[in-house]
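We call the chains A, B and C, going by the order they appear; numbering starts again at 1 in every chain.
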Amino acid sequence: MKFNKRNIFISPTAKIGENVKIGDNTVIYDNVEIGDNSIICNDCVIGEPLSSYYSDKDYKNPTTKIGENSLIRSHTILYAGSTFGNNFTCGHRVTIRENVIAGENLSIGTLSDIQGFVTFGNYCRLHSNVHIGQQSTIGNFVFIYPYVVFTNDPHPPSNICKGPTIGDYTQIAVHSVILPMVEIGQNCLIGANSTVNKNFDDELVIVGAPAKAICSVKEIKSKEKEGEMHYPWMYNFERGMPWEGIGYYKWKFKDFNITTNS
Amino acid sequence: MKFNKRNIFISPTAKIGENVKIGDNTVIYDNVEIGDNSIICNDCVIGEPLSSYYSDKDYKNPTTKIGENSLIRSHTILYAGSTFGNNFTCGHRVTIRENVIAGENLSIGTLSDIQGFVTFGNYCRLHSNVHIGQQSTIGNFVFIYPYVVFTNDPHPPSNICKGPTIGDYTQIAVHSVILPMVEIGQNCLIGANSTVNKNFDDELVIVGAPAKAICSVKEIKSKEKEGEMHYPWMYNFERGMPWEGIGYYKWKFKDFNITTNS
Amino acid sequence: MKFNKRNIFISPTAKIGENVKIGDNTVIYDNVEIGDNSIICNDCVIGEPLSSYYSDKDYKNPTTKIGENSLIRSHTILYAGSTFGNNFTCGHRVTIRENVIAGENLSIGTLSDIQGFVTFGNYCRLHSNVHIGQQSTIGNFVFIYPYVVFTNDPHPPSNICKGPTIGDYTQIAVHSVILPMVEIGQNCLIGANSTVNKNFDDELVIVGAPAKAICSVKEIKSKEKEGEMHYPWMYNFERGMPWEGIGYYKWKFKDFNITTNS
């Protein structure tokens, strides 16, 4: 019922893979490369020209790469000059600016706004309406929930632009603000509505405004399995994860290398 | 000046009522039913196929029902499989996923994001940019203000998905977070920027992070009428309410049944 | 690569200046005036009719004025009846309702939602996803960061509608809520995630929920220049400001009058 090829514009310099579907009213600009079996839904703009396009007569659109098996939902805008690994999925009305480098299986929710110059590891999940400021670095298996904001200017307005760095497996709950240059370790849980203004080590539960570490994540009891602990969450959650069906322990032991970007 | 029938796609299986207007660039997919005298503005997607559409060759779009006299503003996306009562209105760029069941006179503001599997009573009003997680239940005459988030996973990520339940007439002010499974009574007022992590009874003013009940709503003095109290608000506000012109007391006495969904 | 004139609708009563570019799928309604050298990108709606259009057979769209050298990015909706000075720029998916009066060089970020009946001075900058309620007044050189909300109803729902008033040069950091009728002085800094429920004088650092003044902005040390102070920020930041290249002091002395709207 979709993909009737109505009112689509594709630049002659775009490279469209095998079996790619493109929705109505979508525009694909110069030097976009879309991997095989990907789907771009209606009303999207892919390879949106950078600001300099409007002033530079010799402007050349940088290359935009979208991996195989990706699904970009409607009304999404991806600027030129970013690279996304395979199995990239995004919700509706997502905006991603230039110079984003993302690993595989990145999922970005409806209305999220990635300001560019951001690095994502593999298997990151951003829920709806997450705002990531420029110059942020996000590890592997990091999940970020709605209305979280990453900032990058410690004294607005200044000439400093440096976002947070988040370690692998860390979870950041809804409505939290992570202040500029903050470094969060691996396997942390940042509670809802927190304002994080300093660095924290691994495996901590971090809550409040300003946020404090209140305990180890290992002290949080499961609400699903009586008498067990919930974190590290990888032992208790597998939907869409590479350890789905085999369990985290077995997966990590067999195939350790793919948990890092190096 | 609108409704020139340019670049519109309507599925042959859609049922469009009498005197319905449809804006430019709008797409209406299979099995959508739109009631008489409704208006769907520009650039909308109505009956957006569910995720399984992309993988299931035998996919059949579930029925989407929009009641009479509805007004859906531009760039809105309604997934297939939801039902909205008469006089449904929504702002721009609203996203509503599948399996929402809404009573009459639902109003949803610009950029709001309803994640599906949500029940609304009658006369609910969501302002701009409200996020309602799956499996939430919202009573009648509940008003929710900008940037409020309803969550549904107590230990992210887990396999639990159960949102809050909100009683009739309750008001939830801007930037508040309601945590999973929380139950709020009727006629409460939740203050701006609150984080609500436990249940509360009727008629309470609930503020802070974590939120506490600080008094009865009946202790809040009106800023409009000297010497009077403002809450329960139904005695002091009637714009768009079924008691407009006759007053809440008279309306409730004459016509008690329509205040509940049962 | 853009501006191929595909699927554009322009009302015959619109006045389009010299050298204006208009993107694909954009609609420009009655009585819109666009100044010379402006760019309107793809999928925009300019001069969106007001609510009364749907019910009033004699509806006449009020005039919408966009100044010269403006850049309106894709998927933006500007309602009829607002006036924007020269060099207006806005991000993607911005919504601006009727009766906004803006000075020159206004910049509004992606997803921001201006509810109408708002006054902006010159050189204001709103970052992504800022929500400004009706009847707010914003001075000159005011910068507002992501997810800030200005409210206007002290006892929701009531019949009062009066937003905040913000003095020149004041900075409002991410995720803050400014409550109705609050007046903030000039040159203040409101910290991240604050809830501001009362008036504050000039040059204060205002933080917390409810927000308190903790010191003068003049006590904040620069992170860029050792031994110096950062605020008032105009002495240390000039990108895009009228004092770029000459410094704030020299600019203010030579050309004092243009810092105010009067």
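Brief remarks follow.
By our rule, a residue touches a chain if its C-beta (ideal position, glycine included) is under 8 Å from a C-beta of that chain, and two chains touch if they have at least 3 such contacts.
Keep in mind it's a predicted model, so treat the numbers as computed, not measured.
A rotation of 120 degrees, rounded to the nearest 5, superposes the Cα atoms of subunit A on subunit C.
Because subunit B and subunit C share one sequence, their contact can be compared position by position; here under half of the interface residue numbers appear on both sides. For the pair subunit B and subunit C, the distance between C-alpha centroids works out to 28 Å. In subunit C, the residues that touch at least two other chains are 7, 25, 43, 75, 93, 111, 129, 147, 175, 193, 209.
Against subunit A, in their complex, subunit C makes its touches with residues 1-2, 4, 6-7, 24-25, 39, 42-43, 71, 74-75, 91-93, 110-111, 128-129, 143, 145-147, 171, 173-175, 189, 192-193, 208-209, 220, 222-224, 230-231, 233, 236-237, 239.
Against subunit B, in their complex, subunit C makes its touches with residues 7, 9, 11, 25, 27, 29-30, 43, 45, 48-49, 53-54, 61, 75, 77, 93, 95, 111, 113, 115, 129, 131, 147, 149, 151, 154-160, 175, 177, 179, 193, 195, 209.
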